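Look for chain A in each of the two complexes below; its partner is chain B in the first and chain C in the second.
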Partner chain A sequence: MAVGSFFTSFDLSAFINALILGISIASIWLIAALGLTIIYGAVGVINMAHGEFIMLGAYSSYMLQSFLGLPFLLCVPASFLIVVAVGLILERGLIRYLYKRPLDTLLATFGVSLVLMQGVRLIFGSDPKYLAVPPIFSSNIQFAFVNISVFRVVVLLVTIAVVVALWALFYRTRFGVQVRAVMQDKEMAASFGVNADRVYMLTFALGAGLAGLAGSLFGVLNIVLPTMGAAYVVQAFLVVVVGGGTLAGSVAAGGATGELQSIFAYFTNDTFARFVLFVMIVVFLRIRPQGLFAPSAKRR
Partner chain B sequence: MNLYHKVSAQWLAYLVFYAVLAMVPLVVSDNFLLNQLSTYGVFAMLALSVSLCWGFGGILNLGQGIPFGLGAYGMAMTMQMQSQDESNPMPPFMLNNSLDHLPLFWVPFGNTTVGIVLALVVPTLFCAIFGGLMFRARVSGPFFAIMTLAMLSAWYTLILDIQPYTNGVNGITPPAALKLGELVVDPYSPGAYWLVLGLLIAATVVAKLMTLSRFGLVVQSIRNDAERVRFLGYNVAGYETAIYTVSGLFAAVAGCCWVILTQYVSPAQFDTTFSLSIVIWAGIGGRMSLMGAILGAFLIQGAQSYLGDAFLNTWLLILGGFFILVVRFLPKGLIGLVESALGRISIGSKKGGNGVSAPRLYPQPGE
Partner chain C sequence: MRADRRAFMKATLGAATVLAAPYGFVKSTNQAWGAQSWIKKGEPIKVGLLFSLTGGLAVPEEDSTLVMQYAIDEINKAGGIAGQPIEPVIVDAKSDFNVYSEKTKELILRNRVVALFGCYTSASRKAILPTVMAQNHLLYYPTCYEGAECTQNTICTGPLANQHSKDLIPFMVQQFGKKVFFVGSNYVWPKESNKNAKVWLQQAGGELLGEEYIPLGSSEFGPVLNKIREAKPNFIFSTVVGASDIAFHKQFKQEGFKVDSMPIASLTTGEIETRAMGNEFGAGHFLSAPYFQGLDNPTNHKFVEGFLKSKYGKNGVTHYNMEETYLSAYVFKYGLEKAIAKVGLEEVTPRAIRDSTGGIKVEDAVSPEGLIWIDDQNFNAWLKPKIGQCQADGSFKIVKASAEHVAPDPYSIYPDLGKCTADGLKAADGKVRKSVI
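Moving on, here comes the complex of A and B:
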C-alpha cells in the first residue's frame, strides 16, 4: 500500500530523476495555467471552459495536421490563433455581460465547456486521435544518469519562452500598462482614457489562445480526446489559486506544486501523491488565503 | 404583496407538492418506474442541499459529491457487511485483491446501526473540518468553489487508488437489499419510495425552517454582504461553516438513500461532472428557492431519462446551452418566472386574497 513504502528504498539517482521529472511536470502545469492566470488575474473571470480550450487547441492541431498536412511546428501557433478566435467570440457573445457577477461567469463557462466538449465529440467522435511530431521529438536524451524525452524539454522551453513573452507584454508595452491599470482599478483607468472593455476582450482572447497553444503540446504528450481538458483544468486552477492570480505567483506555484507532486510520487505513487498535494494546498490556503504573490490591488 | 413571498402560501405549495408525490405509488404499479422516481427524490435532496448553501448562503459548492459519495460508500459498506458472516468475514473483492484480513476501518460497518451512523457522521465531520478551515481563512466566492472542486478530485483519486479497500473503479455492489432488523428495504417497492420521500420532506421542512429562522436571516445577509455582517459583530465563518455542514449532512443522507435504491456505489459519485450537474439542477430550477431547486432536479433528470434517449448525442449540448441561457437571462432560475408572474397577478389584490390559487401556478413535475 502507498504509505507503507515510505522511505523504504532511497536511491539518489532515481530521486534526482524524480526532481527533473518534477521540473517537467511543473512546466506542463504552468503552461496549462498561464491562460487561466491571465483571464482570472486581469479580467476576474473564473473560466471553467479553460480545459475545453486546451482540448480545442489539441483538436485544431489534429485537424490542421491531418487535413491540411501542416507540419507540427506550424500547428502550434495556428492552434493559438484558432482558439484566440474562439475566445473572442465567447467574450463578445457571453462573458462581457457577466463581468459584474463573478460566480455566474463560473457557471456560464461551465455551460460553455459542456457545449464545447459535446460538440467536439459529435464532430470527431470519442475515439482517441494522435498528433504526429518530427522524429527527433519522440526520442529520449541521456544526460549523466538522467533520462528524459526530448519533447518534455521542448515543452519546458516553450513554457519559459511564453512566460518571458508575457512578462515583456505586461511590463514593457503600452498594452501591458493598460492591462495592469485596469486590473488595479477599472473605473480609474477608464477615466484616464483606457478602453477597459477592449482590454478585457483582448486579455480574455489572449488567455484562451494560450490554452490552445498548451493544448497542441498536450496533444503530443497524451492522446487527443474530447474529455482531455478535464485532466488539466483542476491542476491549472490550483496553480492559479496558490499563486494568487499573478504571473510571478503562477510561475512559483507551478514550480512548487509540480516539484512536490514528483517528490511525493517518488515516495508513494502518482494518485496518492496528488491526494497529499491537494490536502497540502488546502492547509496552505488556511495559512495564506491570498496565495503566494497576491496583487495589492483591490479585490473584485 | 407578491404571493410568491408569502410564507403561508409557500408552505401550502410544499404541502400540495408532497401530497401529490406521496400518492404516486397508489397510481404507479411499475416497480422500475417507482425506483426511478425514488432516485429522482435523491437528486432532489441533493439539489435542495446545494440550494441551501449556494442560494441562501452564497457559498457555491462544486464538491457536493464529497458528502454524497462518502455517505454512499458508508451505506454500501454497511450493506456489504450484512452479507458477510463468521465463516465468510470478507467481501469477495478484497480476496481478489489478496487481502488476508478485514481492514480496520471496515470493522465498525459490521454493525448496521454503527455503519449508518458513520455513513452520516463522517461526511458531516469532513464538511465541518474542511469548511471550518476554509471559512476561517476567509476563503470565499470563486476561490472556495475551486477548492471544493480540488477536494472532490482528491477524493476521487484516493478512492480509485486504494483499490484493495474500495474495489477501485468497479465500486462496491452489495449483493442484497438493506436489512433494518427484521425489515428488508426492497429498493423496488413503494416502501423504499416512501422512505426516500419521507426523508426528502423532512429535509425540506428543516431547510425551510432554517431559512425562516434568525440563523437563516444572518446566513442570507452574509450572502448579500459578508463584510457588513462581520462589522456588525457576527461570526461569519461560524455561520458559513454551519450552513455548509448542514448542507453536507443532507447530501450524506441522499448518498445513503441512493445506495439503498441502486445497491451500487463507485468513484463516479465523486466525478466532477456529477457534482456540477447538481449545481445545474439547482441553477436551472432556481437556487434562491428550495422548491425551485427540487423541481429543477426532477425536471432535468426526468428530461434526461425521457428525452435523453431521443437526443442521446445532443443531450449535453442542449443542457449546456440551456444552462448558459438560464445563467445569462434568468439568474433566479425558472422559478423566477413564477415569481414575476405571481407578482403581476398580485398587484392590487388584497393580502392573501387568492392564497388558494398559488399551488396551481407552480409547475408540477411531469410524471
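Moving on, here comes the complex of A and C:
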C-alpha cells in the first residue's frame, strides 16, 4: 500500500471536525475515568470492578425507565444514587477489611466484578437492553461545516459539570480538606481528629456513583449488556495511569488521549490510531512513570 | 530381583503387543476405539451443543442453543431418528477460544457425541477445527462465514461470503447510487466479505469511496462517521458485528445522518440487533440474509409461533442465525438417516454422516426460509439470499428475494487456489489437499 493512500489528504474543515470530535471522545473517556480516579487517588484501591459499576449505572437507568417509567434525564442522577448505594455496601462489607492489603483488593474487586456481571445476567438475561431518550438527543447540531450530535454535547456538559463539582468538593469544602489530608497521610490526619474510615467510605461510594452516572450516559451511546463495562475500563485505567491519579491529571490525560485518538484516526484509521496512542503512552510512562500530575503524597 | 535376558525379552514383547494392539483396530475400522459404536441401539443419540452462554458472544449464541433444543424436541416428538431420541449435551464455551477447543475434546472423547453443533465466529471455528479434523469428527457450523476453507469435517447451513452480498450490492447501487463506503469490524470475516463485495460492486459499476475497520467491541464511531460525511457516499455497506453494530446505528442517527439519503446495507443487523438499538435507529436500513422473521409462508408461521410459545422462546425473536441453526438439526437428521440406511446403526461414524449429507434437501415444508440443499462437493448450503428493509416497528419487509438458488463457493475470490471438492481442495494441476483451513 502506498503511503499516500494510507493517509487521508488534509482538509481544514474536516480536521476541525476531528478536533471537535476529539473533545467529545475526551469527555467520554474522562467521565468513564472520574470514578476510578477518585477511588484510586483518594482511597488507593485499584478498583477492578469499575467497568461493572458503569454497567450497573446503565442497568439502573434501564430498570427505572422500563419499570417505573422515569424520564431519562431523571434516570441519570437516580443511577448515580443507586450505584452510590452499591458502592457503600461493597465498601462496608468487603473493601474496608482490605485497605492494608492492596494486592488483595485487586483480586477482591476483580471477584466482585465477576459476581456483579453474572448477577445482572441472572436477573436481566444476556440479551441487550435499550434506553429510550428524548428525540432531541437523537439529532445533531450543524453550524457551517461543523457537525456534532446533541448527545455528545450533553455528555460533554455533564462531564464539565461533574469535574467542576468535584473540584469544588475537594478544594472548597471541609470534607475536601479531610479527603486531601487523608490522601497525604492517613495516620497524621487521623491524629488530628479526621475520621479516615468515614472519608474512605464516602469517597469510595462517590467514585462508584460517578461510574454509575457515566454508565447511564453510555447506555445511550452504546448498548446495555452485562459485559459493556469492559469496553470502557481500559480507557479509564489509561487516563488514570497517565494522569497520575489526581483530578487535574485525569482531566489533562483524558483531554490529551481523546484528542490524539481523534487526530490519529483522522489521518489514518481507528485501529492504527489506537496502536499509535498505546505506543505513545508506553513511551510516556517509561519517561514519567508517576504520570502527569502525581500527588506528592506518602503512598501507603 | 535379578533381571535376566529371558525376562527382559518377555517384558519387551508383552509391552510391544499391548502398545500395538490399538493400531490393529485403527487399521481395520479406521477409528481408535474400534469396538465402541458412536450410536448404540436403544440409547439416545448424543450431539454436542458448543455455544457460549456467557461472555461477549452470549447474545447470539444463547439463542443458537435455545433453538437447537427446540429443534431437537421437535424431532424427538416426531419419533427421533431411526426410532431413537436425540440427546443434546450442552456446554458453555464462555466466549473463550481456549474453552471452545477444550470442550470440543471433552465432547468428542468423553461424551462421545456423534456430531457437534457450534460456534458463531470464524475465530472460534478456526480454534476447534484442528481437533475436529484430527478426530475425523463432524461440525455443523450454523451461520454465515467467509469461506476459503475446505475440510472434510464441516457442514454449513448459513450463507457464504459469495452468496451473502451478491444481490445486495447491485440492488443498493440501483436504488441509491454508485458511491459506497465500506465499514467493518476488524477481523477476518468482514475483510473477506468486503473482498467479495468489491467484485459485485465492480460488476454493478459502483465506486468504492473508502474502507474503514473498527476494533472488535469498539463503540466510538465518531471518526468513521466524520470520514463518511466528507466522502458523501450514496450508501454504506456494513460488516460491523455485535455490540459495535448497535453503537454504529445509534451514532449514525445521533450524528445527523439521514437513512433516506444514505442507508446502511448490512450483512448482520437483524431483528435482535434492531430491538437492542431501538426501532427508531434501525428503521429504513437494509439487511441481506436468507431468513427474516417476517417471511410470509406457512412453514415460517409455524416455526415462529411454535418457537416463541415454547419454553425456549423467552427472548421473543427468531432471526437468520437461529433459523440457520434450526436447519442444521434437520440436515443432521436426514444425513444420519441416510448413513444408517447405508452402513447400519451401530456402524455409523461422524465421517459417514458427513459423506451421506451431500445433496441432502430440507424441503419447503420444514425449512422456514424455503428449500435449501447441501452441496455434494463443498458441503455448504444452496440458498436464496433475500433483502429486507427494517420498518418502523422493527420488523423487516422483504424488498427483493433471489429468484434462483445461489451456489455456495468458498473459493470464489481465490480461483487460483482451486475448487473445493468432497475429498479436498483440488488445484488446477489436479493435486488434492485435504483439510484446508
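Some observations on this one:
The working rule: the second predicted complex is superposed on the first by the 292 of 300 C-alpha atoms of A that agree within 3 Å, B and C clash if a C-alpha of one lies under 4 Å from a C-alpha of the other, contacts with A are read in each partner's own complex, and residues count from 1 in each chain.
FYI, contacts are C-beta pairs under 8 Å (C-beta built on N, C-alpha and C of every residue); 3 or more make two chains touch, one makes a residue touch a chain.
These numbers come from a predicted model, not from an experiment.
In the superposed pair of complexes, A:Phe278 makes contact with chain B only, with no contact to chain C.
Of the two partner chains, chain B is the only one that A:Leu238 touches; chain C does not reach it. When the two structures are aligned on the shared chain, A:Met228 is found in touch with chain C, with no touch to chain B. Contacts of A:Leu107 after superposition: chain B is touched, whereas chain C is not reached.
Touch criterion met: A:Asp127 reaches chain C, while chain B stays clear of it. In the superposed model, A:Gln118 lies in contact with both chain B and chain C. In the superposition on chain A, A:Arg286 contacts chain B only, with no contact to chain C.
Applying the stated contact rule after C-alpha superposition, one finds that A:Asn269 touches each of chain B and chain C.
With both structures placed on the common chain, the touch criterion links A:Phe137 to chain C but leaves chain B unconnected. Chain A uses residues 118, 121, 230, 269, 271, 274 to touch chain B in one structure and chain C in the other.
Against chain B, the residues of chain A that register as touching in their complex are 1-2, 46, 94, 97-98, 101-104, 106-108, 110-115, 117-119, 121-122, 230, 234, 237-238, 241, 269, 271-272, 274-275, 278-279, 281-283, 285-287, 289. Here chain B touches chain A in the complex through residues 60, 130, 133-134, 136-139, 141-143, 145-147, 149-151, 153-155, 157-158, 160-162, 164, 272, 276, 279-280, 283, 313-317, 319-324, 327-328, 331, going by the rule given at the top. Touching chain C in their complex are the following residues of chain A: 8, 11, 14, 17-18, 21, 24-25, 28, 118, 121, 125-130, 132, 137-142, 147-152, 218, 220-225, 227-228, 230-231, 261-262, 265-266, 269-271, 273-274. By the touch rule above, chain C contacts chain A in their complex via residues 53-56, 58-59, 62, 186, 212-215, 217-220, 222-224, 226-227, 229-230, 243, 246-247, 250-251, 253-256, 272, 275-278, 280-281, 314-315.
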